[in-house]
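Structures given as structure tokens follow.
First subunit A sits with subunit B, and in the next complex the same chain sits with subunit C.
Showing the complex of A and B:
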């Protein structure tokens, strides 16, 4: 009897009960996100950008009219763009090479290339300062080899920032490209070869077009993440290399919350627009694979 | 198989890029370890000798140890909280939510999309009003928000691969819904839960920006202290800490691999028993 009752209970699932259960299970998460994430974004950034110190558009007009603003935007986009391109140029052949290896070995090397990805970011940034610094390894070696007399400046510039960012983001690009490439049917290439296409032709006319979705996804994702980088440019960049994120932090440190909020809105809006494009094309799920290490 | 492999110049170029990328990826790890044993303040690579001076710097300085301890406590708390919340949310999303699911998922995933610096300045005021500023629990909540999206995605996919009929069978045998869930579902999706917890821990363990903004001077986590140290000093103490972090990571990865192998072997033996 007892058993029959339970059975009946599980089969008949009243909608209200499910709604209640869903509310209980989701409730804590939604409250947390609502109070400490959504509300702060609206109140602490959006509204503040129009109301601090006084109501109006002055924060935006001040940003827009300053030369610094345009330089900051350009620099941020430039760094993100170069980072993305270098990632693509390195990851594409790397992932392609992996697909030509036997599966076991490919998986081993893929796992291997992810080891640095899990390494603490500060540890990696420190390593770059030790490699590139004025008293760092490269300068040390060059001086010892009598190639230069004075140490050269390799650190605290844009190149150093891009090197650091590429190192952080390259694994994302590799994962996305490899997962696209491994899904390409090898028989298509074999067919092209058997019909007389050369190796390069097969690559260009068959493999490359089929791998393009991965390229677009990877490029967009890496670009989006790059735009918000703060720690890497702060550690490896020079004093003049002010990205959007660093500008926001500087404004906050002089308690200029209004301008900081306005600049945050610029970054947020650009990010959201790019993300909608990404979501439309590839779905939000793939974002997770990538955003794993922002 | 059907592909004839011959060594073309293209292949050589690919090979060089492949090796180059691997070297580039591992360069920081390879460099940091020898530096950490370097006796002098000036960087030498390879080092002139071997000394544990920089490890002494770390283990002998209470501030470093406090920072590491704070990071550890924070990471574990975040891992537990985020996994529990994500489990609830994932169960609700996969089983009970019928209306507005895309919107809910978008909301839960949104902390991934918003740049950290924006989130950090956004929460400052609310944290201040709620008394969460410069507090341990404030940091826990901040990091939980960042870790939630990963947890929900990972547990959701574990639940989707889970055969619901197993839970229904338990319930038809008299288990209550809660008991069936706890005794059948949770053990079977345990790898997903563990994965979610690990990612949550790493998210917190490696996070700098939010701690800088809402943590205050008293709550210096290990990465924040490393960040501030890097800005002012060039002592190789950080090399020693980095080496410790790298070694810990490698041990964790090897353990994970062993676990996977063991699980596979067990699965294999089950399968052979069945056949």
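Showing the complex of A and C:
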């Protein structure tokens, strides 16, 4: 009886009230995104890509027919992919290690891993030039240890770019993985052991599958952020390593707005497509579909 | 491998001087006991008594600080859990959320690299045994608590373990379901002929299921006996209190006359007690009388008779529960198994009991009601 009454109440409750609540919760963010992101995107970038210097598809056809453009696109994705993989390989064991520690010590190590966040990005990048440069720390050590005679080139190449990007993005990956892993019930691993599984089998059949939602989320986030990186490849990369962001900046600096806009749109569309494909293949909802659907 | 685990698969479990310490705290302080093959033994104790720690040591999830664990005469103290062939049922079931019911139960068989067809046959057999057929493709989150408990049980017996360990497996279920599952669990264990060690803090559950009960308190084994003996002849006043309701009177022996003596409490009550089988030489005693042994009413007789005012009278279904207040302010509980209790609230009545109905313990003044192991 009581239950029926409450049900009735929810149904009869005016919809406008829910709409008002939704507006209060979503409104500020929607307005902010609309004014600062959607409007400039449509008005400044999308329209320009079809109208600057003249109306038509010529900006896109120019990009499409250019080998250099395809190389830039490929290079951008390659760097993003390597950065993401290196982040994942470094962060996964680290986050796993954190989950085995007592809470307080885990928080300490987590805070340590966040130190890169507290430093200005340019300071960090110039620190890398001091470390990796021809007269930098690593070359000095290697020469002093008589391992090499001449300084070797560690800077201004793709490896340096990936090192720099990993340095910046690693904390994201660690936090996402850690928060997923810490939510995994430790008793499940005891259960697996008592059922006959070795330590490795327990990891592969219980811990790993349960940590995969975190892996997917971390990979997606780091990969998408990597695609738009500008400063790191600009500072640490060689002249040949032109990514999409650098290319766009170059085109803008010579007032070639149309091509820059077209390139930006290509990156945006490819990223959106990737996001949906990835979500469809490994989406979080698929991982726990069985567990959550009633 | 036989179609179902039979009595020859049951193993004796022997603990020798098990001690375990978490940092500075001793959770288990030297427990030795033997569980017979095929026996259902319950570790009964309040929370924090060390019973779960002991169970995890038997299952290999913890290495004891000291002592040895033997199964079928073999020292397995250093064996990891996966080498012990023991089924473990966890309090919160610990079902794998990413696996279906079928895959949860098949897990131990897949680990053992059994052939696919054999796995299917065995899983179906066990799911039938625990009455879960038809739910193979559900996920744990889609099951009720009782169903999850059955899956966890099926998973723990599917691989023909020698020993079944259960850590308060029915703790989070409602009373009716718990009682039903107690019976089922007991029958299942009997049919499988498997040695079972069961942890609970619920004395009724322990009475209902066990061949023997091991009462654990403050990391020590206080009594190991059949359920009826634990209730009727508790080893000390803590056990007497823990396994059932008890009116306690602590006092000094002021007079003894062969098999009987008179106990005087600090608030001046004099109680006739039986000194039969009580340690000699002691002056301090605890006398405990269970509520169902206290007679109430105008014709209440007994060696000990007092006047008391009925402060509360509540109907409990099978009996009335009566709270009486003695002239010195002390409270006494009594259970009245009559259709008409014969007393009313506020009334002053007689109450009494015979000396040999009471439990008497020598020199035990620390009541130990807190269940924590501090030292």
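One rule holds for everything that comes next: the second predicted complex is superposed on the first by the 234 of 294 C-alpha atoms of A that agree within 3 Å, B and C clash if a C-alpha of one lies under 4 Å from a C-alpha of the other, contacts with A are read in each partner's own complex, and residues count from 1 in each chain.
The rule is simple: contacts are C-beta pairs under 8 Å (C-beta built on N, C-alpha and C of every residue); 3 or more make two chains touch, one makes a residue touch a chain.
Just so we're clear, the structure is a prediction, and the values are computed from it rather than from any experiment.
A.B. asks: Who contacts more of subunit A, subunit B or subunit C?
C.D. replies: B
A.B. asks: Under the stated touch criterion, which partner chain does A:36 make contact with: subunit B (first), subunit C (second), both, or neither?
C.D. replies: first
A.B. asks: Figure out whether A:192 sits in contact with subunit B (first) or subunit C (second), or with both, or with neither.
C.D. replies: Touch partner of A:192: subunit C, not subunit B.
A.B. asks: Examine A:158 and indicate which partner it touches, taking first as subunit B and second as subunit C; both and neither are also allowed.
C.D. replies: Neither partner.
A.B. asks: Pick one for A:62: touches subunit B only (first), subunit C only (second), both, or neither.
C.D. replies: neither
A.B. asks: Touching A:28 in the superposition: subunit B (first), subunit C (second), both, neither?
C.D. replies: first
A.B. asks: Residues of subunit A that sit at the subunit B interface in one complex and at the subunit C interface in the other, please.
C.D. replies: Overlap of subunit B and subunit C footprints on subunit A: residues 190, 193, 287-288, 291-294.
A.B. asks: Quick one: in the complex, what on subunit B touches subunit A?
C.D. replies: Interface residues on the subunit B side: 2-3, 8, 10, 13-15, 17-18, 20-22, 24-29, 31-32, 35, 42-45, 85-86, 88-89, 91-93, 95-98, 104-119, 121-127, 141-142, 144-145, 148-150, 153, 168, 171-174, 176-177, 199, 202, 205-206, 208-209, 213, 223, 226-227, 230-231, 234, 236, 238-239, 241-242, 245-246, 249-250, 253.
A.B. asks: Along subunit A, where are the residues that touch subunit B in the complex?
C.D. replies: 2-3, 6-7, 10, 18-19, 21-22, 24-26, 28-30, 32-33, 35-41, 43-45, 48, 90-91, 93-94, 96-98, 100, 109, 112-113, 115-116, 118-131, 133, 135-137, 140-141, 167, 170-171, 186, 189-190, 193, 199-200, 224, 227-228, 230-231, 234-235, 244-245, 248-249, 252, 257, 260-261, 264, 267-268, 271-272, 275, 284-285, 287-288, 291-294
A.B. asks: Show which residues of subunit C lie in contact with subunit A when the two form their complex.
C.D. replies: Those residues of subunit C that touch subunit A are 59-61, 80-82, 84-88, 90, 92, 94-98, 100, 107-108, 111-112, 139-142, 155-156, 159, 165.
A.B. asks: For subunit A, which residues count as touching subunit C in their complex?
C.D. replies: These residues of subunit A touch subunit C: 185, 187-188, 190-198, 201, 205-206, 209-210, 287-288, 290-294.
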